[in-house]
Amino acid sequence: MSRFLRLLRGHPAAEQIVPRAGFTAWLTGLTAFAMAALAVCALAATFAAGRLADRWSSELARSSTVQVLAPAEEVDRQVTAALAALRTTPGIVSARALDMAEQEALLAPWIGTGLPLDALPVPRLIVIEETVEGPDAAALALRLTAEAPGAQYDDHTRWRRPMIAAADRLRLISGAALALILFATAAMVTLASRAALAANARVITTLRLVGAEDRFIAGAFTRRFTLRALIGAGLGAAGAALAFLFVPDVGAEGAFVTGLAPQGQEWLALAGVPLIAAITAYIATARAAKRALNTIEEA
Amino acid sequence: MSRFLRLLRGHPAAEQIVPRAGFTAWLTGLTAFAMAALAVCALAATFAAGRLADRWSSELARSSTVQVLAPAEEVDRQVTAALAALRTTPGIVSARALDMAEQEALLAPWIGTGLPLDALPVPRLIVIEETVEGPDAAALALRLTAEAPGAQYDDHTRWRRPMIAAADRLRLISGAALALILFATAAMVTLASRAALAANARVITTLRLVGAEDRFIAGAFTRRFTLRALIGAGLGAAGAALAFLFVPDVGAEGAFVTGLAPQGQEWLALAGVPLIAAITAYIATARAAKRALNTIEEA
Amino acid sequence: MIEFSGTRFSYGQDTILSDLNLSITPGSFHFLTGPSGAGKTTFLKLCYMALTPTGGGLTVFGKEAAMLTRDDIARFRRKIGVMHQNCQFLDHLSVEDNIALPLRVQDKFTESRATDLADLMDWVGLSHRAAALPPELSGGERQRAALARAVMISPDVIIADEPTGNLDWDMAQRVLTLLVELNRMGKAVLIATHDLNIIRSVKGQVNARVLRLKSGQLQLAGSDL
Amino acid sequence: MIEFSGTRFSYGQDTILSDLNLSITPGSFHFLTGPSGAGKTTFLKLCYMALTPTGGGLTVFGKEAAMLTRDDIARFRRKIGVMHQNCQFLDHLSVEDNIALPLRVQDKFTESRATDLADLMDWVGLSHRAAALPPELSGGERQRAALARAVMISPDVIIADEPTGNLDWDMAQRVLTLLVELNRMGKAVLIATHDLNIIRSVKGQVNARVLRLKSGQLQLAGSDL
């Protein structure tokens, strides 16, 4: 790391002596810029997908119900049977029958208050807390039919579960994109610096002819590419981050879906993007320079 | 276009004569590969976000309700008043009171059938078809309080609307990423081919010395870069597309959220990615070659 | 074929050549001498259109040099064999391929030319290095390869810049014999050199004119050679 | 300082040099001749460690050449001034900066050195071209610049490959005078050339040994020079 920092300070003579490397240096900067911007997008997508999946998962945890509708003399037995069945079903964390007061509160918007619920043949509700995966709906329905014919499984999570799957998938894909971006950046910087070094083979042999050490030659190239990558990636990441800042937020309601913009300390992760780009560039260039110095022959 | 195709056929002599361009050619191929893969991801994200937004928008169209709970002698008047208010509220397409049979069907899962609903002080339901933007919830509530004190606006769309906004935002961001990818690819290919041409300045002057025409020199470079871009982008796009193919689908339930993978003719758009990359590379290289041929001096 | 009439040339402010008058006709043999930095190479570059006069007239194969496009120049170069002072080669192609390059860029490399090529390589003593890459050649070998490439297309004009600078006496004689032979076949030859011994050794064989560049002017050298 | 003892060298299968024995001591002056392709440049490259012997011993400044790392070589090069046959320069730096390059890579360029540099440029006749880029030099100017760079660090050994190949007689004499002067100051000088006239003109001034490379062997040339 100290070597990395020393490098950024540079060697005054080497800098003037090695040619400006023109297009390849620009190419590195631009690559770093574009890749950093894309990395920030992918990172933000990963974070957002992760947040979505987390939030929806926790919402799922208490979402489904079983209604038991049976003749008054049967209903208590069936509720007990259904509870027993539910509690031994894999994918269900807990099951609990609502008492009359709770059920009344639940129905109030629909049928108003003041109804003699206990006198009416109103179905009884069992609230279930499921695991994230949830139970096998078809198997559960079959089992309930056998043990409590009046019980009906109502999977409120049905439409949310695929959303979690989708969020997970989005997280997976944006994670893969992130890995691709990192790998591609490393490969591109390697190739760009190799191209620069190969194009400068004569410069290298000439410098050797007049007694320049490896460190001197490699340093000049490495520094240039690392700086380009750092600056390019810094601008790219900042640009993309700014774009996220200025997209208006979803507002309070958005709490449910969560915004696309990074939140809290996720912003810190974005700041890591240019740093990682610079370190990647440093390692890639240093290796390319070492290779070039070993390959390019004396003349 | 015919010029583009002729180019891909190539000039047998030129090919052997211009040096293999090593790293820069690989760099172009790799850039095309990574950028095409990212482009496919971004395209897929754009498509998926578009589909989500569309589907959710259409679901929204009939989602909210107003309950009117009032003494039996008041209820009809308040329903009429509420309907009148709703029909003149901006953001609401239509409003309709459910009749008793419909309401009974709606409540069946909760309170069972066979209840004398008309005899009970059950609230009456008004079903509203909203525009995509929907009404101003606060203003509407205020107005209803004034005209029909027993009416209560229940905005079922509350939690979906931000999701549509999020999907739209996702579409925007992935579209921007797509544009960034296209632009960065063009710039990178331009810089890579300029670097290659600059590195081959001596080759160009030597070829000129022995009587090679511009077309001969430029063609050799252009062809190589275009082919590299085409092959690289083809592999990259195919790789990313395969990744989407093999991610298991969300299944039937997913109809609500829609899969992340492209659907139907969206796949065709993906096939366009390598083509656009190749054309971009062709234009970028041809311009770089023209520039180099004008810049590099005789010797 | 190449006609200088009042031709001037300067790099920026530095006037290198002023008021040149010379006609290079088929079958002529010219030597160009002058101290280092006099402008010999610059003069040759004007002849093969690598530079354009900054004043006066210069016609090449009947066309005004200033009017030519890059592709016109490329086509004229196919009638001019140039041996550059720095012997430019494509370092990734073998010596043999480099010598055949002028034919390849015209898509004119054929079987019969291949025999010519072998003979030529033999004459300049490079047969054993045919497969080598240019950077693997010695300085003198490189000069001979450059000359071989210049004459490969049997051009109407042969322009050689210091063709014997890195050659020992015997090899230099061999190379000059080749040029004299080509001149007898009617090709125009123009050689820039600082080596007066070389000029003397050729003067006995052909009717060569010796030009001297001095302070930007072209003079006909006296009989002191 | 440089000791060949039974040294051999071959590029792959081609044996270029076999069983060389020679000692280059401070204050010695050697000419190296031989036909084109004999291995003169190869021999010089062994001296400045651009090539490593494929057999036999070679010690440079008391160290076995085969044992040296690249950085050792870099440091030894600071005591050896090399004028390469192809005159390698950095084309993006001015002639002056190129000549000062050996000092710059050591971070040793100072004010007093700058006067030395100006004097040196003057001596080789390049003062008026100091700001030019190397590709803008004439062939002879490039050779002089390369020589100037070789002597800039006042090295213990000066190695020059065909230093006068592109120079006219007067300029060649001027350059040789500089080398003779340095030799009198105790520097070892080693010059490869094919020009016997050059050798003859120097023999009167210093006690120079003339070596001839023939079929890979080093011979002491007779008094026929």
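We call the chains A, B, C and D, going by the order they appear; numbering starts again at 1 in every chain.
The working rule: contacts are C-beta pairs under 8 Å (C-beta built on N, C-alpha and C of every residue); 3 or more make two chains touch, one makes a residue touch a chain.
The chain list, named the UniProt way, goes like this: A, B = Cell division transport system permease protein; C, D = Cell division transport system ATP-binding protein.
None of these values were measured; they are calculated from a predicted model.
A.B. asks: Touching chain A and chain D alike: which chains?
C.D. replies: In this structure, no chain contacts chain D and also chain A.
A.B. asks: Through how few touching steps can chain B be joined to chain D?
C.D. replies: Between chain B and chain D, the shortest chain-hopping route counts 2.
A.B. asks: What is the chain whose Cα centroid lies farthest from the Cα centroid of chain B?
C.D. replies: That would be chain D.
A.B. asks: Just how far, in Å, is the C-alpha centre of chain C from the one of chain A?
C.D. replies: 67
A.B. asks: How many angstrom lie between the CA centroids of chain B and chain C, rounded to a whole number?
C.D. replies: The answer is 63 Å.
A.B. asks: In whole angstrom, what separates the CA-based centres of chain A and chain B?
C.D. replies: Each chain reduced to its C-alpha mean, chain A and chain B end up 19 Å apart.
A.B. asks: What whole-number Å value describes the gap between the mean CA coordinates of chain C and chain D?
C.D. replies: Result: the chain centres lie 29 Å from each other.
A.B. asks: Any chance you could list the residues of chain A touching two or more other chains?
C.D. replies: Residues 299 of chain A each touch two or more of the other chains.
A.B. asks: Hey, what residues on chain C touch two or more of the other chains?
C.D. replies: 86
A.B. asks: Have a look at which chains touch which and call the overall pattern line, ring, star, complete or other.
C.D. replies: Looks like a ring, each chain touching just two neighbours.
A.B. asks: Can you name every chain pair that touches?
C.D. replies: Touching chain pairs, listed by label, are A-B, A-D, B-C, C-D.
A.B. asks: Which stretch or stretches of chain D touch chain A in the complex?
C.D. replies: 45, 48-51, 70-71, 73-78, 82, 84, 86, 88-93, 101-102, 104-107, 149, 153
A.B. asks: Taking the complex as given, what residues does chain B use to touch chain A?
C.D. replies: Contact set of chain B toward chain A: 22-24, 26-27, 30-31, 33-34, 37-38, 41, 44-45, 67, 69, 107, 109-112, 114-115, 120-123, 152, 154, 158-159, 161-163, 165-166, 169-170, 172-174, 176-177, 180-181, 183-184, 187-188, 191-192, 194-196, 198-199, 243-244, 247, 250-251, 253-254, 256-260.
A.B. asks: Enumerate the contact residues on chain A facing chain D in the complex.
C.D. replies: Residues 13, 16-17, 19-20, 202-203, 205-216, 293, 298-299 of chain A touch chain D in their complex.
A.B. asks: Flag every residue of chain D that touches chain C in the complex, lowest number first.
C.D. replies: Listed in rising order, the residues are 11, 34-37, 40-41, 85-86, 125, 129, 136, 138-141, 144, 161-162, 165-171, 194, 196-197.
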